[in-house]
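The structure follows.
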Amino acid sequence: MDLLFGATELLGTVAFAVSGAMLAVKKRLDIFGILFLGVVTALGGGTIRDLLLGHTPPRMFYNVEYILVALLSALTVFFAIRLTHGQGLWSGNAADTLLTFSDALGLGIFAVIGTQAGIADGFGDNAVLCIFVGMVTGVGGGVLRDMMCADIPFVLRKHIYAVAALVGAGVYYFLCRLGVSSGISSMLGMSCTVVLRILAWHYRWNLPKAQNPQETKSI
Amino acid sequence: MDLLFGATELLGTVAFAVSGAMLAVKKRLDIFGILFLGVVTALGGGTIRDLLLGHTPPRMFYNVEYILVALLSALTVFFAIRLTHGQGLWSGNAADTLLTFSDALGLGIFAVIGTQAGIADGFGDNAVLCIFVGMVTGVGGGVLRDMMCADIPFVLRKHIYAVAALVGAGVYYFLCRLGVSSGISSMLGMSCTVVLRILAWHYRWNLPKAQNPQETKSI
Amino acid sequence: MDLLFGATELLGTVAFAVSGAMLAVKKRLDIFGILFLGVVTALGGGTIRDLLLGHTPPRMFYNVEYILVALLSALTVFFAIRLTHGQGLWSGNAADTLLTFSDALGLGIFAVIGTQAGIADGFGDNAVLCIFVGMVTGVGGGVLRDMMCADIPFVLRKHIYAVAALVGAGVYYFLCRLGVSSGISSMLGMSCTVVLRILAWHYRWNLPKAQNPQETKSI
């Protein structure tokens, strides 16, 4: 069970590192920028979570394998794109699709892990804290990634992004509280986030906007 | 007295949530972006303050009413603009004026509350710490809001913004140290910030810039 | 020895405050923006380090001289540019050169100091933690500076920037572990960072990029 859990966390790390590295490639950063953004995206959410919960130094420093896995994933993206001269992997919309899927997977995994961390720290009675920390763990790495690229974060632009993290964290939290085993709750929570995010992306679901005629005129 | 204090803090939360939500509307974000930016603006400053002072998890997780109030305020902005089709509230400069006033009010309230928190933690002898933490509490939410929108923060662009927070925090701190009651000191500190900020905005007071001929030529 | 160490840290503070102030001038910010960005650049790295290591409130609040030195350095930049009407100091590439040199010096000094702090906190056995904290201390202030100016951070764009901080932190760490005195290790670590960074800047060394034909076409 612990092994499965550890494997899932590594998978989330890989997924986010890939999404960070791919954005870095898109922004035409060099290999260091690719590695840096991969690591920030993969470990940023967990580090923000640790700071919020008062775990210092953050856990990433004790579990060096996460840094290594993130570096390796980013490096793989670099060489994959370089060796294929951007063909195959990068042609058409393949890159966008890969970026979205890896991001959705990381989002689901980290939202659940963050909620778990809140419960493990003894805040299980505080639903707001646990679910919010879960959401922040999920979206934190991506927010840092986008802020560093001077983009308005994904989380503010994309249809149903943080909402998906919230739903996953909430499903996990309430199933756990109802006595469902942590393994099953995890799987269901993650799946909710991933499915919701991918559906929203595929069908271009939109949340409503407030009217803003002033802006509309000026554009 | 405590009731009055709590009411003031809630008012600051409302004011900042409104300013965050209005910027989100201006940036054409969807309803989630509006809620998210409202919450970040309203609770960001206090969360940075708690992290600096070592209070983890931050207080926002224990006082859930602040999150709810921020969400409700942002939601109100959303529906107000939607129902009026942007007329009335949004026509002409009304929106800008509302944004500036609500932002000034939040700034004054949070600058004083932040300074208070520093004193309450036993750092009353360290004027730099208390006043600086007060300023950061005041400007922190707005800085996060602007960085997330990929804007150069308000605090760096606007005439006499953080300076107003500094003055309010300083007035509160020194009045308290001189033995004036916390209630009166609070009122005076807040008023200084709000009045200074609004005057600077209305009369377009400018602080001096360094010459920069190179840039001037290139523009 | 302690005196020499303190002097070096003050020098790093001056160097980073100057780099922050010069960027603020370039961005045409007013005097408050110049002071604010000077302080954030000079003290940001150390504050992030303190938060990561769990030292709250951060040390900058106890050693007020650092804030004062940063303010004074930024103020000097402001008046130097104003009094010379941007001539001399600002003409041609002099400003860019000064910005790069002061930034490189701050980078080297803070990378070593950050590594030292990790060792002093008893994490000497954890090479990844010490070197990573050193790098973050070195690049943190500049990253905050650039994010506040809505630029893609230096650290992601510039040739061999964070790499230089990593090398300096690594050299210091391993020399210390091998029993070399802290003074000599510091000097060698700092020098490595500064020399590497200046050489990379002067010869425009580039790290490889991944191909990105899609982007190339669109530009």
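Per-chain numbering from 1; labels A, B and C assigned in written order.
Going forward, contacts are C-beta pairs under 8 Å (C-beta built on N, C-alpha and C of every residue); 3 or more make two chains touch, one makes a residue touch a chain.
A quick note: this is a predicted structure, and the numbers were derived from the prediction, not measured.
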Practice item. Please report how far chain A has to rotate so that its Cα atoms sit on those of chain C, a copy of the same sequence, as a value between 0 and 180° in steps of 5. Key: 120
Review point. Same residues or different residues: which describes how chain A and chain B meet, taking over half shared numbers as same?
Key: different
Point to revise | Gap in Å, rounded to a whole number, between the CA centres of chain B and chain A | key: 29
Review point. What residues in chain C touch two or more of the other chains?
Key: 51, 54, 147, 150
Study note, to complete from the structure: Seen from chain C, its contact residues with chain B in the complex are 24-34, 36-37, 51, 54, 56-58, 61-62, 64, 67, 77-78, 81-82, 85-87, 90-91, 95, 147-150
Practice item. Please give the residue numbers of chain B that touch chain C in the complex, ascending. Key: 51-54, 123, 126, 128-129, 132-133, 143, 147, 150-153, 155-157, 159-163, 206-215
